[in-house]
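Below are two complexes that have chain A in common, paired first with chain B and then with chain C.
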Partner chain A sequence: MKKLTVLTAILALSLFAFQSAFSQSANQTVTIEVQPVSKISVSGPVSLVINDAVPGQDPLPVSSSATSYNITHNSSTAGKISASINSALPAGIKLEITMAPVLGTSAGKQDISSATTAVDVVTGIGLGKGSNQTITYDFSATLAAGVFASTVKTVNFTVTN
Partner chain B sequence: MKTKTAFVLTRCLYFLVTLTVTIAVLPPSVVCQTSRSHNVTVTVNKVTVIAVNPPAINLDIPSGPTAVVIAGVDQMTVTDQTTTLLWGTNSASTKITISSTTLATPLFSLQAVALSPSTGSPQTVTLSTGDQDFITNMLPSSGSVSVRYTGIALASAGEGTDTYTVTFSIIGI
Partner chain C sequence: MKKSTLLIALVVLSVAAFQASFAQITDQTATITVGAVQKLNVTGSPSLTIGDAQVTAGTDLLASVTSPEACAYSITHNSATAKKITASIPAVLAVGKLEVKLGTGSYVDISNATTAVDVKTGIAKGALTEAIVYQLSGIKASDGVINDSKLVTFTITN
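The block that comes next holds the complex of A and B.
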């Protein structure tokens, strides 16, 4: 009898709790947290071929502005873009890069021929986004460098705070 | 033998007398089965109840599994569908509204929509302080529905945290 009384009391309290969880309004806390974001994408690939020269001079250099980059940056800390190459080019062969300075300041033409350690190409990047921003490559070689067979190099771009 | 017979007769007589007296003092209803009645008033009031679960959720950019951040695009989004809204109503026509607390300088915006409720018409709402219709034209019913929140942030607005208290209200019309 005592057990039945306790069970009945528990059941009654449970029903009361269930009923009181429902009302004509209900609240929920929703938190949106936006952390620092730095994101870059690049188009490509690009091909650079030296195949002409003026007699008595080094081969004619070539340039390409066919590729571009996109960037999104929301950190209050200024960001930067740095570029590196997967393996150095031989002596006498030079690859340089210039990136349009959306949101920041361009470092100008940067030699990445042997930049296995990244070099800064855009600094002081602020809040916002940039799309279809031009990447310009300048490729040159000396006569002394000789012939350099077609070789694929990987240029890596990193955006950091 | 005569004594025994007298004893039995005496006992029978005693029983009959007792029975007669008992019948005489019983209430008439017990004996005569007279019917009685009274009025019973029954009422069903309008009932509208609502609950939401869980009590709190977080939307995270860019760490959330549904966060969308695209290089070259200012708008970043994140969604959450873990919220369940439960309701019960016996009103002929019911609606659920939604509102949120006022943030002094909100950095980001929040949208909400009920995903395929079993009754009524859902509305996609960008939360503000005023009540906005969330599900309209609901029939008498009880059930549950998933709520999808979308947090929208602009990279140009920077980083930070906004906390909303969202209120769901059920109104029987």
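The block that comes next holds the complex of A and C.
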């Protein structure tokens, strides 16, 4: 009986040592989430000055493609870019905008002179990114509008789904 | 004669009692063993989120990193042989890169680690608790919205 007890003890210890010699593991669940992201940024300010005309005609319009925009969009729902102006321009003063269609379809030249409510300038924006995409401003004025003193306007671009 | 017999009997009994009062000595062999011990556990529920705050317009999505306080591991082993910890995941990460860093070590890519990869080596015997930091990176905007989870298995081994 005594021998059997000793044998059992030795066997138990051996089994313990055997098991310990194996590796031991621990698990951890890592949650990964990429949320819907729609971001847009624009490069510096733009300045447009009308100061010339062909005799007998309205002042010559001016255009600038000096600024650009960057966009990142990862939602499977098509996005769009809309533009608005902080306050409407007076009659005879026209400001138009055209945005390059890097991820979607450009709406072409859009008049934002009175766009205190946003107008779509690029639609159907798919997944991806785009940088340094041209923003073109066209500025024109009628003779009837007269002199229009230098005025700062804020154009707000919004990317939404 | 009767008195002397009684006296002798008393002496004999006294001697016997005297001897019995001394400790009785015997030997026993005690076999003691400290077996190989290696224990590992992890704490925390790491969550890696990339949202607007991690994105600059015109670029792909930036990395997300768990805070060092978020999770940790503790290890105990008593072997003269240095141990290592490996990590594995059940299935390859579909997009991006998932890395893990134990303590002050370097990030180790476990994105494809269906076969365990070493994440910490040369662990001498003793007890140790350190932070586990995860980093998710390499996600492109074109990868879209992602909701996923991975079970990371850490193993202590030789």
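Here, the second predicted complex is superposed on the first by the 138 of 161 C-alpha atoms of A that agree within 3 Å, B and C clash if a C-alpha of one lies under 4 Å from a C-alpha of the other, contacts with A are read in each partner's own complex, and residues count from 1 in each chain.
Definition applied: contacts are C-beta pairs under 8 Å (C-beta built on N, C-alpha and C of every residue); 3 or more make two chains touch, one makes a residue touch a chain.
None of these values were measured; they are calculated from a predicted model.
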{"item": "Overlay on chain A: chain C relative to chain B, clash or fit", "value": "clash"}
{"item": "First (chain B), second (chain C), both or neither touched by A:Ser131", "value": "both"}
{"item": "Chain B versus chain C as contact partner of A:Thr151, first or second or both or neither", "value": "neither"}
{"item": "Partner chain(s) touched by A:Thr117 [first = chain B, second = chain C, both, neither]", "value": "neither"}
{"item": "First, second, both or neither for A:Thr29, with chain B first and chain C second", "value": "both"}
{"item": "Which superposed partner A:Gln57 touches (first chain B, second chain C, both, neither)", "value": "neither"}
{"item": "First (chain B), second (chain C), both or neither touched by A:Ser87", "value": "neither"}
{"item": "Common ground on chain A, meaning residues reached by chain C in one complex and by chain B in the other", "value": "21, 23-37, 39-41, 69-76, 127-132"}
{"item": "Residues of chain B touching chain A in the complex", "value": "48-52, 54-63, 69-74, 76, 78, 83, 85-86, 88, 100, 107-108, 110, 149, 151, 153-171"}
{"item": "Parts of chain A lying in touch with chain B, wherever the complex brings them together", "value": "21-37, 39-41, 69-76, 127-132"}
{"item": "Residue ranges of chain C touching chain A (in the complex, touch as defined)", "value": "33, 35-42, 44-52, 55-61, 71, 73, 96, 98, 132, 134, 136, 139-158"}
{"item": "Chain C-facing residues of chain A, complex", "value": "13, 16-17, 20-21, 23-37, 39-41, 69-76, 127-132"}
